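Which chain is which? They are A, B and C, in the order written, and residues in each are numbered from 1.
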Amino acid sequence: MKERIRDWFRATYAVFKLSFSTLLRTKKSLFLLLLAWSQVGFALIWLVSWYYGKVGSGIHGLGVFSAMMVTSFLQFLVLITTLFYGSALIGDEVEGRTLAYLLVRPLPSSSIISGKFLALILGSSLIIYPAVIGCYALLLAPYGLSGVLRNLPTLFTDIWVILLAFFAYGSVFSFFGTSTKRPVLLGVLFAFGWESIITYIPGQVNKLTLMHYVQSLFPHHVFRGDMASFLTIFREPAGKGTSLLVLLGIGVAFLFFSSLTLANKEYYLEQ
Amino acid sequence: MSEKVVEARNLSKWYGEVVGINDLSFSLSPGVTGLLGPNGAGKSTLLKLIAGLLKPSKGELLVFGEVPWKNHRLKRRIGYCPELDAFWRYLTGFDFLLNIARLSGYSGEEAEKRVLASLKEVDLLSAKDKRIAAYSRGMRQRIKIAQAILHDPELILLDEPLAGMDPIGRKAMIELIKRLGKEGRTLLVSSHILHEIEAMTKEVILIHNGRVIAEGNVHRIRELIDEHPHMVFFTCNDPRKLASLLVKYPDVVNISFSEDGRGVTIQSVKPDEFYRRLPDIVLDNGIEIEGMHSPDDNLEAVFNYLVK
Amino acid sequence: MPIYELGYRHFKGEFKGHTHRFLTITKRGVALLFKKRRFLYLIILSFIPFVVRGVVIYIATHYPQVRLGALTLDPKFYRDFLFQQIFFVLIISLYAGSGLIANDIRYNALQIYLSKPITRFDYIAGKFGIVSFFILLVTLIPGLLLFLLRILFSDDLSFLSDIYFVPFSIIGYSFIIAVFFSVLILALSALGRSARFAGIGFLAIYFLSDVLFQILRGMFRDSNFALLSFRANMSQVGAMLFGTSPRFSPPPLASLAIVILSILLFFILLHRRIRGVEVVK
C-alpha cells in the first residue's frame, strides 16, 4: 500500500514536471503575463497621476485596488487564466496528439490529472500573483510603509481567495477540457454567460454560481460601473465556512470526474 | 510451445458505423511478427487495442494474460511507437526521453542512463540537445522508437516504424528490430511496405478490411494457397520449344513469353508434379536452362492473391 | 492515329480568372460549417433576439396603445439590436474563426494552399469570407428583415421620411462589425498552432479592453478612456451611424478612427504571419 502511494506521488510529480515545463514556454503564458501586467501598468499610471495631483479627491488607492481586484483580477484574469490552462489540460495533448505518450505509460489517470492540475495552479499563480502584489504596492505607495503594512491582511486574503478560485474554476474547466471537444466555448458560456446572467436573477438562484462563493470570501466592496455592474452585481453573501466548503468540494468533485473521464474515454488522435 | 504474449479472440472494434477490426482471432509469441496490410486495413487500430489505448467493442483481448484497457500497471511491460508524428515541441531529444523515463517510473541517475542508452541505440546521441521541432523526419521517427524501448518492455508495438527514414536509417532500424526479437522480446511491427516486413521477419499477420486473411510463416502461407497457380520463369536457349513441351500437361494453365524472347513464364496448379517432370523434359530435348526463379514465392504475390 | 495512350495530357481549356479564386476557400469553409449541427443550432439561437424584436414591432404597429417603455421604433431600436447581436458575433467568431488559420498551420496545410496559384491575400480573403459570412448572417440579414417587418406591418409609411437612412446604417454597421471581428479572430488564429489560444485571446482582448476602460474611468472619473475599449468604440460608431446620441464623451469619429486603425493593425499582423515555411532554430 505504501509503495502504491509512493508510486502515485512519483507519477504525479513526473507529470507535473513535464506539464509545468511545457506550460511556461507557450505563447499563451506570455500572453497571459502581458494581460496580468497590464494591470500593473495601470496602477503605475494611477500612481504617476496621483503624484502630479491629477487624481480626483476621494479616490483612495485601496479603493482602486479593490476595484481592480474584483473586476480585473477576480472576474476576468482569473477566469481567463484558468479557462486557458484548464481547457488545455488534456485538450492540448489531444490537439497536439501527444496524449498517447502519457496513456501508454504506467500512470494512473488520477496522477495525470493531478500532475497537470498542479502545473495549472502553479502556472496561474506565477502569472497572477506578481501582478497582484505589484498593483498593491503601487496603489498603496502614496500612503507610505505604514499604509502598505496596515492593509497586508487584505492582500493575503486576496491571495488565498484567488487560489481557491483557481482551484474551483480550474477543476471545472479541466473537466470541460477532458470531456468535450470544444471546452473553450463551453467555458466561455459558463464563465461569461451563466455566471454573469444568473446573478441578475433574484432569489437563491445565484447560489448556483461559483462566483457567489468566491465573492463571499473576498474582503473588498464591490465596484459599481457599467461593465463592473454587469460583472459584479452581488447579493447576500454566503457564510465563509460554507463558501470554503463549496469551493473545495466543487474543486475535488470535478477533478475526480476529470480522472474518471480520462480513464474511461477513448481519445481518437486524428492523423 | 511458446508462451502466448497476446491473444485475441473474436476481437472487433468499430467507430460508430465504421468497422476498424472485424472478428479477429490470433495470437503472438516472442519474436518479431509483421502486421501487414494496406492503408485503412486496421493495423493501427489493432496496435492501439493491444496498447490499451482503445477499448474493444466486442470479443476478448489478453496481453500477458491481462486485459490491457484501463490497466496502467500492464503498460510497464509494453512499449508503443505511434504512427503520428507528434511531440512536445519545445523539448530537446534528451529532455523528451528524460520525461518519458520519469513517466515510466525511473528517476535520477537511472533515468539519465536509460535515456543515453536508448539515444545510442537509435543513433541520436549527437543530436540529443537539439529541439525535436528541428529534427528531420527520420530523426523524429528514431526518437519515437527510442521512447518505445527506453523502459525495456517485453512487448513492443511499432506502428510504421520505418516511415520517413533514409535507406541507411532503415537498415539500422531493421537490424535493431531483429536483435530485439532475438533477445526474446515480442515485437509487432506494422507496415504496408512488403519488402520491409520481409527483411525483418518471416512471421506475418496479413490484415485487410479489418480481418485477418492469413497468419504464420510467409512460405507456409504460400504453400497453402494451392489453388493459386505457381509461376516459374525460365531463361533458356529455346523458350518456345520448352513451352510447347510443357503445354500438353493439364496442370499447366498459362504460358507467357518475355518481350526480349529469351524467357518464358509457366503457371502450374500442381507445382510438385511440375518440378518432378521438368528435369527429364529438359534433358531429353536438349534445352539449356540458363536461369529459373519463382516470381511469386514472396509476400507481395501472396498478399495480392489473398486480397483480390 | 486512332489509338491513344491514356497518359497525362495537358489541360487545353481556359482557366478562370484570378479575381474570384478566394471564393473557393470561402465556399468550402461555409459549406463545412453548415454541416455542423451544433453550429446550426447556434445560428438559430442567434435569431431569437430578432424574433423578440419582430414581435415588438408587431405590437407597436398594431397596438399603439400598449406601452413598450423605452422600446420605441426609432433608429436606436435597430442600433441596439445590432449592438446586442455582438454577443452572438463573439461566439460565432470563436466557433468559426479560431481554428481557421491555426489548424492550417498545425497540419501544414498552409504550404499546400500557398503552393497553388493563389496569393497570401487570396488565402486571407477566402478565410475572411467564411467568418464575415456568418457574422453578416446574424447581423445584416436580421437587421434588414426587422426594417422590412416594420414596413410590412405598417399601414402608414410616413415614418419612412424620418428613418429612410436606417437600412444604410444597418448595412454600414453590420459590415464594420463583420470586418472588425473577422480580422481580429483571424489575426489571432494566425499567431500560432492553437485554435484555443486564438479563441481565448480573442475574448481576452475584447473584454479586457472594456475592463481597463472601467478601471480608468473609476480612477480618473473620465469617460474619454472609452477610446481604449473596443466595446465602447463599437457603441460609439453605432451611435454615429444611426444618428443617436453617443453614450460616452469621446467624439464618435475618434472611435471610428480607432476601429479602422485596429482593423488595419490586425490585418498587417495577419498578413505577416501567413507564410509557407516556419524556420525553427
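One rule holds for everything that comes next: a contact is a pair of C-beta atoms (placed from the backbone, for glycine too) under 8 Å apart; a residue touches a chain by one contact, two chains touch by 3 or more.
Only a predicted model underlies this, so the values are computations on that prediction, with no experimental measurement involved.
Enquirer: Please name the chain that ends up farthest from chain C once chain centres are defined by their CA atoms averaged.
Expert: B
Enquirer: By raw count of C-beta pairs in contact, what's the busiest chain pair here?
Expert: Most contacting pair of chains: A-C.
Enquirer: Can you compute the centre-to-centre distance for chain A and chain B, using the mean CA position of each chain? Integer Å is fine.
Expert: Computed from C-alpha means, the inter-chain centre distance equals 50 Å.
Enquirer: With chain centres taken as the means of their Cα atoms, state the distance from chain B to chain C in Å.
Expert: The answer is 53 Å.
Enquirer: State, to the nearest whole Å, the distance from the C-alpha centre of chain A to the C-alpha centre of chain C.
Expert: Taking the average C-alpha coordinate of chain A and of chain C, the gap between them is 30 Å.
Enquirer: Among the residues of chain A, which are close enough to touch at least two other chains?
Expert: Expected reply: 26.
Enquirer: Write out the stretch or stretches of chain C touching chain A in their complex.
Expert: 38, 91, 94-95, 98, 106, 191-192, 194-197, 199-201, 203-204, 207-208, 210-221, 231
Enquirer: Enumerate the contact residues on chain B facing chain A in the complex.
Expert: Those residues of chain B that touch chain A are 15, 51-55, 70, 72-76, 78-80, 82-84, 86-91, 95, 99-100, 102-105, 107, 147.
Enquirer: Going by the contact rule at the top, pick out the chain A residues touching chain C in the complex.
Expert: That would be residues 26-28, 31, 35, 38-39, 42, 45-46, 49, 54-56, 59, 64, 67-68, 71-72, 76, 80, 83-84, 87-88, 91-92, 95, 182-185, 188-189, 192, 223, 225-228 of chain A.
Enquirer: In the complex, go through chain A and note every residue touching chain B.
Expert: Result: residues 7, 10-11, 14-15, 17-18, 21-22, 25-26, 96-98, 100-109, 263-264, 266-269, 271 of chain A touch chain B.
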